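Some structures to go through are shown next.
Look at the two complexes coming up: chain A is in both, with chain B in one and chain C in the other.
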Partner chain A sequence: MAEFAPKVGGRGSALSFWLWKAVKLVLTVAVTFLGLLLITFLISHVMSVDPVLRVVGDRASQSTYDAMYLQMGLDKPIWQQFWIYLQKVLSGDFGNSFLTKKPVMGDIARAFPATLELATVAILIGTLVGVPVGVWSAVKAGKAFDQIVRVLGLVGYSAPIFWLGLLGLLVFYANLQWVAGPGRIDIAYEYSFTSVTGLMLLDTAMQGEWAAFGNAFSHIILPASLLGYFSMAYISRMTRSFMLAELAQEYVTTARVKGVPEWRIIWVHALKNAAVPLVTVVALSYAGLLEGSVLTETVFAWPGLGLYLTNSLQVADMNAVLGGTLVIGAIFVGLNLLSDLLYSLLDPRVRRRVRK
Partner chain B sequence: MSLLEVEDLRISFPTRQGPVEVVRGVTFSLGRERLGIVGESGSGKSQTGRAILGLTPPPGKATAKRLEFDGIDLRDASAARWRSLRGIRLSMVMQDPKFSLNPVMTIGRQLIEAARRTSSRSESKDRAMAMLEAVQIRDPARVFKAYPHELSGGMGQRAMIAMMLITEPDLLIADEPTSALDVTVQIEVLRILDRLVNERGMGLIFISHDLRLVSSFCDRVLVMYAGQVVEEVKASELKQAQHPYTQGLYNCLPRIEGGQRPLPVLQREAGWAV
Partner chain C sequence: MTRREWLLSDYPQSRRQARAGQSYRTWLALKSNRLAMVGLWIVLALVAMAIFAPLIAPYDPLIGGDLRLDRLQPPSWEHLMGTDDLARDIFSRVMHGARLTLMVVALVAVIATPIGLTIGTTAGYLGGWVDVVLMRVTDIFLAFPRLILALAFVSALGPGIENAIIAIALTSWPPYARLARAETLTIRDSDFINAARLQGASRLRILWGHVTPLCLSSVIVRVTLDMAGIILTAAGLGFLGLGAQPPQPEWGAMIAGGRRFIIDYWWVATMPGIAIFVVSLGFNLLGDGLRDVLDPKAVK
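Showing the complex of A and B:
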């Protein structure tokens, strides 16, 4: 990917090197988004939904219909419509939702933080548990620990998440009462803090509202653990296979010859190498979670992006669907960039070294 | 007293058809001298070297009647015992620096990691730099900061030698240390290895498939075939070798003067492997 970076040498070229990187980045992102916009725009036009009818309603007169038809610019050629759509989107206007009658942008700004918070806690659980478990299964490959993890992973992989969710609610909420039930927070706490970021854990912690924080945490922990379990199953599986490959490498033997302690060989020498491809695995899992998991959000009445998009889809609320799709696309692009960046931080072979 | 005593070393790997012995009763002893082990691929020479370091790859098993290093019985040594010997008193230079150096750690960190076995944190860096100079790296500071992929094969192998000799071990095993290098670089690297081994008076086991290289570089040569030592000769008397396999190996070396065309092909006899 760094093929057309210029040859470097000397002080001035270090600047041009980074300039190149920045230009390349902006171009990549711009082209990706243009493609994404084009696709979503075209999808909205091949849908057999009459957008005018959705706005004016079934019983509107022909003149009202025609007026709205012109107002929405549907008489113009399609490339001109796309241009108008592009300008609107670039100024942050996704139009109004037919369902909520509010701007789609505002709806997403409310729904997305809920998903972001849930996904982040979930991926943290999935990674912080999944990676060590995966490493250890590689070290103990074929032994009891590995077998148990394999079975647990398989369950995490194949059990329907709504079923696990309902079961979790029954056991931990209804019976044991260890955690709070559906929703993000109890009504009692809902107005005890001001929403700044939309991330309740962050908002409550920053405002020192620890009781509200505890309540929000109690609400999020069950759905996050479930999603985390799901991604943990995947992450630990991948970690295991990356680690098995690394532990068979010659540099591991070198380290043993040097008398490096086994824990250091595993957790430093091999894991540092395995971490490079793992970045992609974790980033993709995270991206998947950020799309919003419809089933989990439904079971736990979690007002996130998945729920919003599903509701919109069911009533063919195209503005909302397109806005949501764009946001998800943006997340994918962003996470891909981030994993590229991490890649070059972790692997010196990817890094282009700027040297005198 | 000899540095290393090996008697009846056997290494076997389990397969679906039952265990296969890849080393079948190797016996030799080593002082502070240079011993060459030659043989073709699969003759068991590398496995012999690894077994001396207790690094027989699982599920392989190494057994011996005697395996003593400086009076220490290595046969039932604990993991901790092995660690106290490896890197400090026993060491090994491996074949290809492309694979044997950790790609995501700088050369400096890898050297310091080895040096830390015997010296303090503050001394380690100086030692590492001094060692890089000792293997005739012209710009040690640059190599210290470099990652393995930024070095040529020859440079990488010098760094490897520096890393393995930094603690001044008593016994060094060099497992095909120059096979992955260009011919022009081979001699240079060998010279460095030769000088360091001489200066420090350590024992060396030089494993190679290159008979000429071994004979010019070692005092004694063990010739291995199919997991057994078929002959042990002084390097200077290689021409008078008795075993037909050794003679065959020797005869198929190309000579500049009076060259034979085509080169004779080694004729194997089933009896050698028994």
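Showing the complex of A and C:
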């Protein structure tokens, strides 16, 4: 992005650089959001076979149909329809869900913590396992460990997640009984704590309800491990390639010559430098988990955004589907943005470029 | 001179020989990669399965046997993968499912590649505000997770395998557009393009006749790399009931069908899953190998 910076010398340049960057960022995000809205609008108003028929059903009389046609504003020119849609969405009104009869926005707000909790536990597993595995396979590049990790990663890329989920339930829940089954918590524990954040692990832990915590944990561990496995495949692969690049640098040789122990070179010197681009990778796979969560939540009856989306899809509930799509798209854009910002904050080279 | 020497000659006598030699070297490099060859065999097996499905499959994929006797039979020599709840032979259905999978992959590639190529080369060659607008549109499509956007498209178009294919194609072109644009930017100012321009070739002619053919090969490699993802997305849509509709033997939909009784009759949902897994592993292995061979810059 630096090439767009105005060429001004002196101390003021850092400020104007950040200002320029901020303006550019805001504009980019605004255009992207507008684009997201335009796509969902086109899907619902233009591509859709007959939006009126969807609402009134095919047995409605012509007068009902016409009334609904007018009520939905379909007689107005298309750009005006988009304007109305824009105003509604920006004020947080996604319309009512046909399925739950409630405002879509409220439904989404209720479902979101479940998805957030699942994705967060998954990314924790993915990062805590993926990074050390990636580092070690870079150190052992080409050896047996590296090959096994590579194959395991490919398996992660190739297996359909909903299928692995079903097999997981079959093996670990039905046969071995190591984990609890579908859902977030057993019905017996549902009212043993009050929902504050909507994140069950956090709520139960804060209120000291350890039995409920344990139950919630045994519910989340299987779907989160599965999702975590998929992000682990990506994270370890990227860690490996970043570490390989770092270990070939001259400062590593220098450190070796100076007699720094090998473990310290790997885990402190090199990993610290590889960690900067890794932040972006982790943020991106966190966003990717949203996608994986749609199928995982369906398999595990996990009452989050993904399950809400698929339930609405089954009954062609357009308002709910597009609301969910839009929210997920917005989170995706937000996480991308965040990773961009973190990158320029963490990488001293990006900062230094400003001062030059 | 053997054919091998002719192909590997350092002094090719004709363009044809040089090109054949180049392809042969690529093939040799690919052949030395054992995992990539496994991938290639899997993909070839899929194609063979799709072509000869009616010959290989011992039973009809849609009409089941006796509902009283043949339902939910475990895998045996008679039914290699068992039977499902409608007494249909799962092995035969998996074989026929290869046709659907191959059709989805092929059609998505045929629809998405031209879209990506056209948008990418146009943006790269014309530059200016056309470039800005087209790339913004591409970025917006990239801003949605792919499966989610495909879900939204299918919900508008209605479920069915044709609509699933359209939805997947509409969500898979952006990376190809990016790639084609990057390639075009490097080609745009080369001498042969300038020569064509000076001879009075129109923009359209330069785009279609000179730029696009050169971008084609790298885009095709990228499409091959994406095929596993396309298969998984299609299977996901099928699993959610939005892709191929029953009784079509689509692998994702078959898993959804066996889901209800997976605990008692595990094979009904497991077998089609193995098929999806093996095929997409095959495409991933092949794609990985191809990338290593064709792009030496990629980190090994």
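Heads up, the rule we're going with is that the second predicted complex is superposed on the first by the 320 of 356 C-alpha atoms of A that agree within 3 Å, B and C clash if a C-alpha of one lies under 4 Å from a C-alpha of the other, contacts with A are read in each partner's own complex, and residues count from 1 in each chain.
Heads up, the rule we're going with is that a residue touches a chain if its C-beta (ideal position, glycine included) is under 8 Å from a C-beta of that chain, and two chains touch if they have at least 3 such contacts.
Computed from a predicted model, the values in this text were never measured in an experiment.
Peer 1: With chain A superposed, do chain B and chain C clash or fit?
Peer 2: Pair status: fit.
Peer 1: For A:N336, decide between first (touching chain B), second (touching chain C), both and neither.
Peer 2: It touches chain C, and chain B stays clear.
Peer 1: What is the C-alpha-centre angle with chain A at the apex and chain B, chain C at the ends, nearest 10 degrees?
Peer 2: 80
Peer 1: Which holds for A:R256: it touches chain B only (first), chain C only (second), both, or neither?
Peer 2: first
Peer 1: If you stack the two complexes on chain A, which partner ends up touching A:V321: first (chain B), second (chain C), both, or neither?
Peer 2: Second partner only.
Peer 1: Check whether A:D107 is in contact with chain B, with chain C, with both or with neither, and answer first, second, both or neither.
Peer 2: After superposition on chain A, A:D107 lies in contact with neither partner.
Peer 1: Would you mind checking which one, chain B or chain C, touches more residues on chain A?
Peer 2: Of chain B and chain C, more residues of chain A lie in contact with C.
Peer 1: Looking at A:D347, would you say it contacts chain B, chain C, both, or neither? Reply first, second, both or neither.
Peer 2: First partner only.
Peer 1: In the superposition described above, what is the shortest C-alpha distance between chain B and chain C in Å? Please give a whole number.
Peer 2: 15
Peer 1: On chain A, what residues does chain B touch that chain C touches as well?
Peer 2: Chain A residues touching both partners: none found.
Peer 1: With touch defined as at the start, can you tell me which chain B residues reach chain A in the complex?
Peer 2: Those in contact with chain A are residues 53, 55, 79, 83-88, 91-92, 94-96, 99-105, 113-114, 117, 147, 149-150, 160, 163-164.
Peer 1: Mind pulling up the chain A residues that touch chain C in the complex?
Peer 2: By the definition above, chain A touches chain C via 31-32, 35-36, 38-40, 43-44, 47-49, 154-155, 157-163, 166-167, 169-170, 174, 241, 244-245, 287-288, 290-291, 294-295, 298-299, 309-310, 313-314, 316, 318, 321-322, 324-325, 328-329, 332-333, 336.
Peer 1: For the complex, give me every residue of chain C touching chain A.
Peer 2: By the definition above, chain C touches chain A via 136-137, 139-141, 143-149, 151-158, 228, 232, 235-236, 239-242, 252, 255, 259, 262-263, 266, 269-270, 273, 276-277, 280-281, 284-285, 288, 299.
Peer 1: So in the complex, the part of chain A that touches chain B is made up of which residues?
Peer 2: 249-251, 253-262, 269, 272-273, 276, 346-349, 353
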